[in-house]
C-alpha cells in the first residue's frame, strides 16, 4: 500500500488527527478503482429509511436486499459504502474487509411533518464492532433544531476521533430558516460545507449548488469578491474553497434519479470544479444492476481523468 | 436440538450478531408446535396497559391474572409470550424455562391525549434476570416524538445485543404525520417495517396492511414498479420484501377481536404471502380458554401447512 | 417444554435465584437424551489446556479440532458441553442454540510447578455474548491459594446470577494441605462438595471418592454417625448428602481414560448412590468417535434407568 | 412493634448509624422469644464450611439440609440465623420474612495448613438481595494476616452501613502471635472484642474467656486495676466492659458440643456477667431436633430471667 | 479487495468474532506480497526493549531509528509490523495506512533477574488511536507468574474483540517449570500454542520446536498416537494441529540471527509442515537493509510456493 503523493497531501491536511483516524482516511482513499487518486465515489443507501422502501427500491426490486448494495459497491469499484445500522449489520460479517464501511449514525423518515431533525440511530461503538472506517451524520443547517444536531455531532465526532475513526458529514440545508430554493443556493451550500468542516468533519457531502443566492449579504459579497458562480463547475469550485480553502474533502450528491447523460455531465462539472468526488445513491441502484455498475464505472472513469 | 435447514437459513441472515443473540433466536424458532419451521406464533399481552383492564379482560374475567396467559401460551404451543415488566415478573419464576419470554420495554396508556410516545417501562437487565430471550419495543413512525423512540430503541438494541439478547420491534405508524387510514396503509406498513429493520431489529411486528396508499410518491412507485397489492397476501408479500428483501422476520398482528373464520382467513393470507407468523393477542384471550387454545392451534396448523 | 415433576423439584431447591438463572438450569435439565429426568451427562473438554494437546488428543487425532467436541456432545445426546474460552468461541456461532454451553472461566496448565491455582481465562460477559447457560469454575480446596480461588468465584458467581446465568463448580481438592491419597478421600470429596455449595454454586462436580479418610476427626465422625462408605455407591450417596442434604446437583468425573466395562460399572454405582450424573471427558473423546458416542449413550441409558 | 425501654437504650448507643441500620438492629432485638429484652440467642451454621460436613452433621444426619436450620431457628424462638451464602440462599426465599438473617461474608476451611485467614465468600449486595439484617465477618486477631481481615471488614462495614445493614463480627484470636492457651485468655478475648468494636461492628461475638492471661503487661494491669476475673461471670463482665464500657452488644459462643448441664451453667454465668446473649451452633444442631429445640428454649429462659 | 477462497476459509474459523475483528484479520491477510494467500510474514521489533539497543541494533546502526523498520516492512512486502508503544508512535502518523500495525502490549527487559513476567506497556485504546489492526501480547507458560499473564491477556482480549481488533499472542515457554531445553521442546511448543488459542487468540506465534520432549507423559502420547516429529516440517505440522486442529493461524519465529541458507531452509520446512508463516525480526534487521529486504523477499517467495 505505497501511498501516492496526492493521498499524502490530503492526509497532511488532517494534522491534528491521530494515526488511527488517518489510517481510516487512507483506507478510504486507497480502496476501489479510484485508489490513490484522491477522488472518491461512495455508494450511500439510506433512502429506504429516508423515503420508504417502495419509493427507493420499487423500480429495482432486488435492491430491497442489503446484500445487493454491498455487491454493487464492491463490483463497481467504489471507495466505500454508507448505510444505517440495520443495513450495515445485514452483511458486514459476510463482506468483512471487502469494502470500507461508513455507518450512518442518524436518519430521518418522511412520516412526520415536524421541523427536520434526524434521529440518532447508531453509535461509535457500533461502528467499531462492525469494522467501519467512519461514522456518517446528517446536519440540517436552517432547521430550528440545528443546534441539537450540531451538538450531537460534536460529541460523536470527539468520540469517533478518539477511537481512530473518521467523520463524514452530510450537510443538507433545510428547515424554517430557508426558502425551498435556498436549500441548494450556492451561498447556503458553501455555508453548510463550511459549518460541517468547522464542526471537525473530515469529509463533507453537499448537494450540487444552484446559482440562486439566498442571503442578500451573500449576494453582495459574491459580487464584491468577483467570485464566478455562473457554471456548475464554478459553483463546485467555490464550495470546495469554502471548505477550508480546499483543504477538506468535499463530495457531491447527485440527488434524484435522472438520465445517464445528465448524471455524467454533472460529474464532469464536479471534476472540472475540483470536487473530490460523488456520493451516488439512487442513480446507482434505481436501475438494473448491470446499468448501475456501468454508470458507476463511467463516473469513476471521469474522476480518473481518463 | 438438531437445527432444521430453514432455521439455519434464518440464522444466517443475522451474521453480525454474536452467538448469544443467535442462541436466543434459535430458542424462539425451536420452541412450541412450530419449532423448526421458521414460522412463529407469539402471544402478546400488553392490552391491560394499553387499553385498560376492563376493555382487555372484561369479557374473559380469568385473563386478568398473568398466569392465565403463561398457561395459554404454553398449552397452545406458541413460540413465545410477550408482556410488560409486571406481567412477566408475576410468573417468570414459576414457569422458568417453559416458554421463551419477550419483555416489552415500553408501553403507552390511553389516559393522556398527547402525541403518541410510549414510556420505557423495563430494562435489558430486567430481561436478563427474568430469563427472557428478547426485548420488545414499540415505535410510532408518524408521531412527532418518533425520534425519541428511535433513539431509545437504538440504545436498548446495542445493549441487548451485547448481552446476547434478541430485539423484537412493534412498528405501529401513528401520530400527527399520518391520516387515520394511513396508519395501516400498505406503503406506511412496509415503510415502518423497513425502519424497524434499519434500526437493527431482529423481528418486526406490523399490522396487516390495507390497500390504501398514504403517500402520493409511494402510489407512483407501486405503479411504476408494477408491485401487486390487490390482495392481502400480496400486501403481506410486499411488507416482507420491504424488510431487507425477506431477510428479516416479519410477523403480523390481527388487531381487534373478530370471528374465528375471519381470523383464520387472515392467517391463510399471511401464509400465502410468505409472512413469518402472527402475534395474536386479543383474539386469543378475549374468548373462553378452550376456544382460545383451539383458535391458536388452528392458526398454528395453517402455518405448519397442514 | 412442559416441565417434568423431577425438574420442577430440582428447580424448587434454588428458590433464591432469579427466573433467568432458573431458566438456564431448566435448559440444562431439558436438553439431550436425559431431558426431564433430572440426570445430567456433560462433555467437558479442557484437557488440552490442563494436560497439553498431545496427551489429550494424541490417541484420537481429530479431537484436536474444537468442532469435534461440539458434534460429539450433540450427537451423543449430552445435556451440555463445557470448555475454555477459545474452544467455545471456535464453534459457538456455528452451533448456536444446539447444545447448552458452559464457559470454563479458569484453567491451569502443567507447565509450572507452583502451588495449584487456576488462572481466570474468561468472564461472565464472555458467557453472555457466547450464549452460554452457565459459567464453570475450578476450586482447589487444600491449596495455599484456595482463598483467592474462593474469592474470585464469589465475585463471578454474584455477577453470573445477577445476569441470569447458572454456576457449575469443579471442586478438586489439591495442594499442600492434603496428602496425595487425600485428594480423593471420601471426607475430603464430601467436604469439597459442601464448600462449593456454600459458595453458592448450582451444580458441583467432584471426583469419585475413595474409601480413604484423610482427617482423623472425620474418621471418628463417620464411625459415630454410622455412615456407610464401604462401596462406591455408598460414598456417592454421602457426597450427595454433603451437598445440602441432596438439594444441590452433584455430578461425578470419571478421571483417566479406562476400559468401557470399568466406566460403566462406575456409572452404575453413581446411579445406585443417587448421584445426579457425570462429566465424561477423556473417556468420551480419547477413543474413536463411534466408540465415544456408543459409550456416552450407554452411560445415558444407565442414568435413564433403562 | 412498640419499642421497650431497653431496646431504645441499646439503639441509643449507635447514634452515628443511619435509620436503616438501626431498623435492622431493632428487627434483631424484637424478634423471637427474647423480643424486647435486649438479649439475643442466635443460631449460626457455618460448621460445614469450617470443619466439613461429616464432622458437623454426621451425628444428626438431617442437619445436612439447610432447611433444618431455618426451621430450628424459627421453631426455637431464636432472634436470628447466621450462615454462609449458599446455606442462606438455599431457603431465604421459602422463609422470607420469618427469621432475621445474618449473612456470614467470610469463611475458612480446615483443608489448608497456612496461617489462618478466611476467604470472603459473600458480599453486601448478596445480603441485600437475600433480605438479611446484617453481615457477619470473622477476624483472627493474632494472625499474620490480621491486617488484611481488618481492612476487608472496614470496607464491608462501610458499605453495609451505607446500605442500612448491621455488622456482626466474630472476633476469634488465633495465629502465630498467640499461644494455644492465649486464644481464649481473658486479656486476649477482651482485646479482640475491643478491636471488633473499634472497627465499627454493632455486635461482637467472642468465645468464653478463660482465666489465663497471655500478655505480661495485661497481667500487671489486671492486678493494678483490681479487676476480678476469677469466675466466668466476672470474665464475661470484663469483656462486656471492654466493648465500649458495655455500650456494644457482646455475645458469646459455646464452642464444642457438650452436655446440657454444662451448657446451661455457662449461660447462667454469661447472664450473671451481663452478657447480651449467645451464639449456639453445634450444641443446638448436633443433637436430635427435639433436644436441640429444648436446649435453646432453656437457654432463652435463662436470658429472660425466668 | 475481492476475498480469495483461502482468506474466506480462514475467516470462517473465527465465527464468534464481530465483523470489526474479522475486518482487521482480512486487512492482515490482504496486505503485502502474500496478500490473499493465507500466509503471513510479519516484522517484529521489540528486541530493543527485550535485549537492549546495542545488542539489537549495534550491527546495523540505522536500525536504532524506528522509521527504519516501518520502511523495511513496507518495502519488503510484509503483511504487518509489530512493535511496542513508543516504536509504533514514532512513525504511525507518517506511515498511516501503509502497513498494518500490531501494538505489542507487554514487554520484558533483561535488567531484572526475577521469574519472567512482561510488563504491560500499552493499551487497547492506544491500538485504536494508532490505527493498529491487532494487539500483541507475550505469555510465558512455565513461569511462576503465568497466571497473571494469562489473566491480563484475557482482559485485554475481551476489550480488543469488543472494539473490533484482532489478538496476536507470542507463546514463549519459559521459567521455573521448564528445563532450558524444554523451552523449545515439541510437546511444550505445541502446548503453548494450544494455551494461546484457548485464551481466545486469533494468531499465535511460537518458536520453531526441537525434537526434545520435556514431559514424560507427552513422550508416551507421541508414541502411542504414532505422531511423527522427526523432521522440522513434522514438528511444525503437529504444532499447527495443536492449534485447534489447524483452525487457528500459527506462525513461527526464526530466533537468533543466522546465515541466509539456514533461515531459508527453516522457512521451507515451515511451509512443508503447513505453517502459516513467519515472524522475522533479527534476521531481517541485523544485516544491511538491502540484504534484509532481499532475505524477506526470498522468504515470501517460499510461502508463495513460487
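Letters A, B, C, D and E name the chains as they come in the text, with residue numbers starting at 1 for each one.
FYI, a residue touches a chain if its C-beta (ideal position, glycine included) is under 8 Å from a C-beta of that chain, and two chains touch if they have at least 3 such contacts.
Note that the structure is a prediction, hence the values are computed from the model and not measured.
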item	value
Shared chain contacts [chain A and chain C, defined touch]	B, E
Chain whose Cα mean lies nearest the overall Cα mean	C
Homomeric contact chain C-chain E: same or different residue positions, threshold half	different
Most remote chain, CA-based centroid, reference being chain A	D
Cα superposition angle of chain A on its copy chain E, in degrees to the nearest 5	180
Between chain B and chain A, distance of the C-alpha-averaged centres to the nearest whole Å	35
Chain A-chain D separation of Cα centroids, rounded to whole Å	71
Multi-chain contact sites of chain C, meaning residues that touch two or more partners	92-93, 125, 129-130
Touch-based graph of the chains, sorted into line, ring, star, complete or other	other
Touching pairs - complete list by chain label	A-B, A-E, B-C, B-E, C-D, C-E
Residues on chain A engaged by chain E in the complex (per definition of touch)	1-3, 7, 11, 18-27, 29-31, 74, 92-93, 96-99, 125, 128-132, 162-164
Sites on chain C touched by chain E in the complex	46, 48-49, 51-55, 58-59, 61-62, 64-68, 84-94, 107, 109-114, 117-123, 125-126, 129-130
Chain B residues touching chain A - in the complex, by the definition given at the top	13-17, 141-144, 146-148, 150-151, 154-155, 158, 173, 175-178, 187-188, 190-192, 194-195, 197-201, 215, 217-218, 221-222, 224-225, 227, 238, 241-242, 244-248
Interface residues, chain E side, partner chain B - complex	15-16, 18-19, 162
